[in-house]
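Just below sit the structures, each encoded as structure tokens.
In the two assemblies presented below, chain A is common to both, partnered first by chain B and then by chain C.
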Partner chain A sequence: MTGRAPTLAEAAHPFTGFAVTLAITLLAFLLPAPWGPTLLYAIVLLLVMAAGVGRAARAAALICLPLWGFLFLLHAVLGGGAHLSIGPIAVSRHGLELALAQAARLGAVITATLALVRSFNPSRFLDAVGVRGWPFAPAYLLVATLQAAPRLRERVGRILEAQRTRGLNYHGSILVRIRAVLPLALPLILGALTEVDDRAMALDIRAVNSGRQRTPLSIPVDHPADRIVRWSSLLLVVAAAAWRLAGSMR
Partner chain B sequence: MTSAIEVSELTFRYGGDSASRPALDRVSFECHSGAVHWLLGKLGAGCSTLLLAVAGLAPRHTGGELTGSVRVLERDPRQDAGRQALAGRIGYVTAAPSLQLSGIAATVWEEAAFAPANLGWPIERIDAAVTGALERLGVAHLRDRDPATLSGGELQRVVLAGMLALSPDVWLLDDPATALDAAGRQIFADLLRGEAARGATVLVASEDADQMLEIADRLIVLENGQLAADGSPRELVGGEWIWQHGPGSTAVAALARAAAALGPPVASLAEPYPLTIREAEARWS
Partner chain C sequence: MPLAVAINVAMSFLVNQLGLPVYLDTVGTVLTAVLVGPLAGAVVGALSQALIALQVGTFMLAFIPIQVLIALLAGLAAWRAGFASPGRAIGWGLLVGALAGGSSSVISYWVFAGVTATGVTAITTLLRGLGLTQVQSIVFSSIGTDLLDKTLVFLLVALVLSRFPQRLLGRFPLAARALGR
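Right, the complex of A and B next:
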């Protein structure tokens, strides 16, 4: 325990984060490009900062940066149609709009997903599932999937350390790095496969498949604000879908 | 004493190769409630496989082919009905604590409460059982810590506490003291004796003769997948036989054996070897 107060994202009901992330993902593709996704990304940035998971925005931006550059090059610089000048370069107007829309979609979805992963508490989520009387096994599978990335990162760190103490050099020229891939990747893959078996046995013996309704260890409070946020997310998605549908029928 | 584990003509082969040497070859024995049974064998003798089969995890999770009969508390752990009936009644712990975690617990308390919660126990019962188990394993002060921040020894105690919270009728332990420090090993020894005194059946695979000699009521030795001996631990590990057919004996016995090999036969160095420092003092002073 860190002893710090939970952030807004951590204190919220576990289903709220999922609902908001899902809504953002759908809205990113439903809202009219390019200004809909761009505005959505701006709102997502404000939301994650207000929810206390602003670091997710920075991490997402770092992931997106090369993709944004690629999109700009592909659509704006190499795109056809009417061109406009941005400083010394001429870019396609239509391509720029396309790049902006796709970049904003990527940014919004990745930021929201990272914020969800960073504020996710697997135990609270499974407790919330238990309170609803929903089956444990699929929920555990979802949790395990969300936990896979940090666990893999931790394993990579351990393997890097272990192989370095055995004299493996993975710094330097591209050739040195390529040569180091196999001794790093092989234990990672084989270890992960073995771990799946061991973990499956450990879960089995811990009565995961007992067929009985799991007892929630601490029932997460579902505040009215949580319910309002979830219903609003749903309504926004439905409204955006209806608007798009109506627009396409005109 | 009643038989809690009955193994009869158990043969197990990993993979589909029927021509290969089986990991277990027509093994038969019984384990009684209220006793600690020590399972001993050289590397590859089949001890871990035997525990997996008794727990109902092999061949279901490992693959392979199993013939013969395994009954735990009069149920077949290989069948669905048997597994359902045995859920929470078997405590199975291996040497690697990090691989036995639920992966979802934010605190040590939640980790230890994972199995009782899966069994649908009322929260009051879970709290009492888990708190008691953490105290007994000496890790109650860690109850709010993130399991990911614990040392291997602390983690193993938490895993043991999680099993103890279930109050299992049968303990199946595969080298569980490896990660433990000296204090942890003493707690572990007390735990096994206490559980046997409660009436539980304990079957523990370990090469630590020094510790197991103090705990075990009976020794079962496997060699190349076959039952090589079944009897009193003191008698079996005191002689030369265990050095030929098993992984060896206590540190004091190893010293006595090495001394005996150095010179002409001397009565004070002859078999049975002294097993403890006290026995060596009594014989050599």
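Right, the complex of A and C next:
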């Protein structure tokens, strides 16, 4: 065996990452703004680094940058209400708080999601579903979808190249580009539909519809630490929701 | 279903490559609703949104109801022969665009404070800069982009159906009805 040792995120039980990401998403909207989401984002950054998926934080920041810019422009610069001066520009105080809270929410959720995707192992996930005795079809649907999307995206690149060599122009005015959609989309869609038969047959051969419980090849270990993390995530969400509810009834 | 979801993702990638100001990320949803039925279309829509959420952040799951709405309306359009001619497809596309755009503007306002992970935010900011209120900017930009997008999606699906191999069309009675046959 060669290769690096699995990171903490990769070694964790496949359900743990999903539970934590879902909890972070809910907490981002339940915690009081603007400091709750900001603190949550800071914690998420520390967590992904500790879990060995720190590169997800950088990728998430790249996605977030234009969104943070729009938030600042839309709410702080163009927002109403009392204004305060930051250097040469006057910004809305309420808008700035709103932009900060929403920016932190986006940062926390996108970072957690990308960390989950980077540590996700489809076959371990299917094995974990099999061990629990949960229905195979929905889990397969999720995994097959995750695998089909990049394949079809790659096919788009090949169709673009093929149609260009046949003389299709897809650069220029918007009308030229709209006109190019059809000769590019038709081979993609019709090609995908003709693939359906092959895939259905492959699933039948593997007895997917037999209804019997599947035997996992290797059982993912559900450590006590995994269970503690999952239950703690649930408890945190329930506590935050109860706190928020109590606050709104006061 | 995974292939229909992948069509949504691939179409979205294609319009990005062409630099068009639309999404076309519901082509697979509408196509499935027309071929198999609105419930299957709704599952494809929900899965597509889940896949988008895994790429850009789980908060995008908030738009699942819009995908479901589009699938249900596409099923209705198929039942009423809404893909029998380009004119009918454009009409249904405009109707679905108005309803989907109006509904997604509510989600965009309450969940995202008007800033979503799509190009529609640039239009919202532009309208706000022109003096419209925040709510007006979000509603107009959302409905405007969805009108164009869903019209193109419905037109594209109508064209795909009209060129569908007869051998395949025979297996999908709803699709034959959608084409008015």
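Going forward, the second predicted complex is superposed on the first by the 192 of 250 C-alpha atoms of A that agree within 3 Å, B and C clash if a C-alpha of one lies under 4 Å from a C-alpha of the other, contacts with A are read in each partner's own complex, and residues count from 1 in each chain.
FYI, contacts are C-beta pairs under 8 Å (C-beta built on N, C-alpha and C of every residue); 3 or more make two chains touch, one makes a residue touch a chain.
Note that the coordinates shown come from a computational prediction; the quantities given were computed from them, not determined experimentally.
**Q** Just checking: does A:27 make contact with chain B only, chain C only, both, or neither of them? Give me first, second, both or neither.
**A** The answer is neither, since A:27 touches no partner chain.
**Q** Who does A:122 touch here: chain B (first), chain C (second), both, or neither?
**A** first
**Q** Considering only the touch criterion stated at the top, classify A:9 as touching first (chain B), second (chain C), both, or neither.
**A** Neither: A:9 stays clear of chain B and chain C.
**Q** Please determine whether it is chain B or chain C that touches the greater number of chain A residues.
**A** Counted on chain A, the partner with more touching residues turns out to be C.
**Q** Contacts for A:202 in the overlay, against chain B (first) and chain C (second): which applies, first, second, both or neither?
**A** Only chain B; A:202 stays clear of chain C.
**Q** Once chain A of both complexes is superposed, is A:47 in touch with chain B (first), chain C (second), both, or neither?
**A** Once the two structures are laid over each other on A, A:47 reaches no partner at all.
**Q** For A:217, decide between first (touching chain B), second (touching chain C), both and neither.
**A** After superposition on chain A, A:217 lies in contact with chain B alone.
**Q** Touching A:112 in the superposition: chain B (first), chain C (second), both, neither?
**A** second
**Q** By the touch definition at the top of the document, which applies to A:144: first (chain B), second (chain C), both, or neither?
**A** both
**Q** Can you list the residues of chain A that meet both chain B and chain C?
**A** Dual-contact residues (chain A): 144, 147, 151, 195, 199.
**Q** Can you name the residues of chain C that touch chain A in the complex?
**A** 1-7, 9-11, 13-15, 17-21, 24, 27, 31, 47, 50-51, 53-59, 61, 111-115, 117, 121-122, 124-125, 128-129, 134, 152, 156, 159-160, 163-165, 168
**Q** Residues of chain A touching chain B in their complex?
**A** My answer: residues 1, 121-124, 126, 136, 140, 143-144, 147, 151, 195, 197-217.
**Q** Spell out the part of chain B that touches chain A in their complex, as residue ranges.
**A** 52, 55, 57, 60-62, 83-84, 87-88, 90-92, 94, 96, 99-107, 110, 113-123, 126, 144-146, 162
**Q** Show me the residue ranges of chain A that touch chain C in the complex, using the header's touch definition.
**A** So the residues of chain A in touch with chain C come to 21-22, 25, 28-29, 63, 67, 70-71, 73-75, 78, 98-99, 102, 105-106, 109-110, 112-113, 116-117, 141-142, 144-149, 151-153, 155-156, 160, 170, 174, 177-178, 180-182, 184-186, 188-190, 192-196, 199.
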